[in-house]
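Labels run A, B, C and D following the written order; every chain starts at residue 1.
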């Protein structure tokens, strides 16, 4: 069945494969009147771009977002917006080896078994290439969220293998995050990360990472119990990012060792005293920052030889050559931001839809959020 | 907007509040011909039941599942199945204190702000009471999964505060899990858990916990990239359980510190050598056991006095009296099993819908039912 | 798959069978704060009631709508509202004949072939009995529409077999419609209808009918091209009424013989000059009255003997005894009103969700419609 | 909100405007392994093409369907299929008049009022141009339906203004239908239709029409009561075709004047004796031909001067110049076929999803794909 659509009112459907014509997305339900032009997408597309530094994938992607529909005279029209990025760099090459062999850690085996056919030229639909268009759609959502709410979604890498930041969310300097190739919040550790990556590259290996996402300026009231709780929707969105293996909110897994008297966030007339919960209660945003963390597994495409089988169940070995990230999590930072923005955008419109003040005519929540 | 439905083909909508008439669910899309009777629900309802031991909530719930529609002569008819559990134990009492005060860690504040009205008699719709009907629906899903796949969904508590099991998944003896009040897999530690709970009860405090879920017998091919990856759907389902603050698959957050050469699961002609990924690749089940873990926060209703505000933003204090769990995670074990079963059930039907052998003469649907 | 849900934001799922425990509905997405009580439903339930006159079915249905969830202290809470009507009149009787035989014109054969099992005690899920709860849900939708828009949905029977009203929509006196048993707008013809029905009853036969629906006070802008055009959504809703075989908007089928110069509705600064289109252009309401007509087939349960087969494909004959309507279309009037109200309600909330003025903060369409 | 998606398992989302870059569609949920190539689309695209004869619009559209994703080595992969038709013929011209004026009978006014912005270069999203991609998607659905069921969807024009065919469905010679420019089933009347069109063209006027659709080879069991009855889903699909103002099934509106003893279809051991119902009972296909008729209004773009207003509510007149159809219904024949095929395709997959033989040992899904 179809699983390529995210959202319920602000509804995004993506299409395309790593070695096909291109990658695109339809946004159905975008409000009319949003000023948007093709150059708006460049900044975030660049942030995601492989080849940004020598430590992320060296592939040069000339990713240019085209608007195929839904915009007239620079404004969205309320009809389906189509964004498209042509694939320009899929060289015709000999796919002989991966054509028959299942790369360990990749979706080769499961796609082949599920669908009976497989685009063996690369990851096909399962490739991280698909996320380029999510970043583009995220730009649109972020723009609306900033304009309507002053709501800002940002992410940083808090851990790369053995190297963890000591910074707390509230102490992160976002300019530092954006000024290094690793979206890492501590200047002092950049050099040790670089050294760690040199070693990884030499070994032909890769490493996992952890990303923290923070949405600030979130109004109280977003999220729809019981199955569309804000953490359910955000969790699903995060876990749709290739290589994401876990998600936690606020204190997350640390809550297992917390007592009730420690974990609950108490209130004064100035608001919440703490944010152990990550900005949500009962599946609804509390008006605090929404905070979550995700775990990214290490890239499976490495130069270290691995054991596998081919399509005829013969045992064999494989080395995944080519241009790949030693730490896929770095590039995932703008992707995760985009996913978070899409979920919040959708819930903001959902909230607006249901909450009308039936008796007085005055909306419970004003049309314009503060 | 509406958020009370889970699933796309096997579609479950729940209704009801903790202090209302009852809790119910409609299952729309259940296959016809499933043999089911009211007594089938008792076992899992009992597993969830508060009052099972002195360490879970002492409330006596006489939870009896009624079938209001969709079953005729003991078999499902293919039309909407309605399950219903009357609330029998909501005493009329003075709600004065919680009527005006927001209990810390509860959804009182966010529901009030979102909807403008709030059922102050208890958690209302946000109460864990709602999960009783999820367990009932899970019984139906589990039954079909066992009969059609030999697919079995089971859970155990791997951590309660400071006490963690040493058992690995493959070494868990499920009879041990079912034979103690904590769903804990190690007999040897039961006594120390009991002592820990005595201390908690004396302090009027609560503790977090971690649950492991394992689905065995899962066929390869379930899950629909890119947004309905099996981990997205399972993750959303888990995070819809009240008090769940995190979910991870396979090695989960530990993958942050893993190298690619360590984390990827290699294959031989006998199948996968390891299961670091948790039984899924590219969002599709691999035929291995699906393994996930969730983090449950400590119960917020405790006897320790907490600071809060009332509906007029005046500062005040509150103690949540009454019958409550010191560790809500224990009861969550059968709930999480139910959620896992529902997602797998839905994906099995989705998979069946899309995957038809186009070239063969086999019709999509049989000429007629047997 | 599941087909028992209508709507996307104001989402209604019905359950129950003619001879089961009862008939119910969940409304998920109802705005909070709507004042509603059980007695509000009586008026429309009575309008639908069989036994209203000797010319509709003589069955006495004591249909009492209970609110099982979603209302607290007389107001909707924003959580799922459950309405329920117990079946009180299903006598235990000998179903021997219809147990094995397929009644012509009924769903007996198709349900049996589709699901393999069939509730042979009556129509089961296919029975018009299910519509009792649609009428109840319609009451809720109508109430909100009146309060927020001054929007009024009304229906009348314009044709019963050979007897057709000469009245045009604009000349209909709604008090006349409500003052006779046939929802017919012409007092003068009531007697001839009664005579026609006496003859039908004597013959044990039934007759088709046509109903006109008019929604006045509809704001401009409802409907979402291209697949959720207002006529698509209204059409689907009408055709979900048992026995409905056709739907047309404005001039409908007469448009086949119209020229473009005759059919298009011209505008002056006072608005549209005519309403050939039925109040919609390009799938979006125009601010005019929305006008549609539906065709209701004659009741299939009649005393005239018919040829059929049994479940073993043996040829046989059948007479459908019992209490039935000679003209099922009459009772369909309040049902069709309910369906129209549900679709308009849903589109009003959809419209509100998407249309935010991104740049100015001022909504394009004010929260309260004029 | 989003309304550009049709279907639930075989899910189609279209995008694009008449004067934008192009028109496209994503099919999400297409079974893998379907052999399809770009030339497969030509036949039906040509059948829809304006300029086929002098009596349909003279615009030359070089409509070439490109496959942007979802096909690898000539077969669908199970991932989103994207079809795209570039707009090649939108001349830059002076839109001055229609920029400010609302064309009567068009969606200009309602789009402007709903969205606040309007693509004034033509119909934009409301243009019949969008239907080119529906026809393309229909080709894919038809191909699967023929291969898997021998199911065939066909349409013919039964009425053009005053000229009506005498042929009954069962007597239609489909080769005659395909051999004339009007999809009309009677050779003898072609000349009079041509004469009628000459007169229309001379007058600058247009005419309505009626189309009959027949699906043969439909298995029993498709359709999902109560809201996704086959007539609800087919009705919605038909009414999503621009200019469609009515839909009826089987005898349709004539049923109003039928008695129950006349209308119900009796059965013998050889099947149904008649097909007054149009091939469905209780919302489920009966195994007979599915028969429906639609009413198409006359084209609103005519050379006859009409009264209207401009965007500032000033009264004015307008003549819609350019290349237009005197009878838009003719081109709608392949469009309506496509819509019917899409609905049946979706219901076939839905039926397959829900109907598993629970008791037998047959697995829901094969262990693996062939």
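Everything that follows uses one rule, which is that contacts are C-beta pairs under 8 Å (C-beta built on N, C-alpha and C of every residue); 3 or more make two chains touch, one makes a residue touch a chain.
The shown structure was predicted, so the numbers you read here are calculated from the model rather than taken from an experiment.
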**Message:** So using the touch definition from the top, which pair is joined by more C-beta contacts, A-C or B-D?
**Reply:** B-D
**Asked** With chain centres set to the mean of the C-alpha atoms, which chain is at the far end from subunit B?
**Response** D
**Message:** Roughly how far is subunit B from subunit C, centre to centre by C-alpha average, rounded to an integer in Å?
**Reply:** 38
**Fill in**
Between the Cα centroids of subunit A and subunit B the separation in whole angstrom comes to 26
**Item:** Rounded Å distance between subunit B and subunit D, as computed from the means of their C-alpha atoms
**Value:** 44
**Request:** Name the residues of subunit D that each touch 2 or more other chains.
**Result:** 1-5, 8-9, 14, 29, 32-33, 78-79, 114-116, 125, 220-221, 225, 350-351, 353-355, 368-370
**Asked** Hey, which residues of subunit A end up touching subunit C in the complex?
**Response** 8-9, 29-35, 78-79, 144, 147-148, 225, 349-350, 352-359, 361-364, 367-368
**Message:** Considering only the defined contacts, which subunit C positions touch subunit D in the complex?
**Reply:** 1-6, 8-9, 14, 102, 104-107, 109-111, 113-116, 123, 125-126, 130, 159, 161-162, 200, 205-210, 220-221, 223-229, 231-233, 235-240, 242, 244-269, 273, 277-278, 280-287, 295-302, 304, 306-309, 313-315, 350-351, 353-355, 357, 364
**Prompt:** Mind pulling up the subunit D residues that touch subunit A in the complex?
**Reply:** 1-5, 9, 11, 13-17, 20-22, 24, 26, 28-29, 32-33, 66, 68-70, 72-73, 75-82, 114-119, 124-125, 353, 368-370
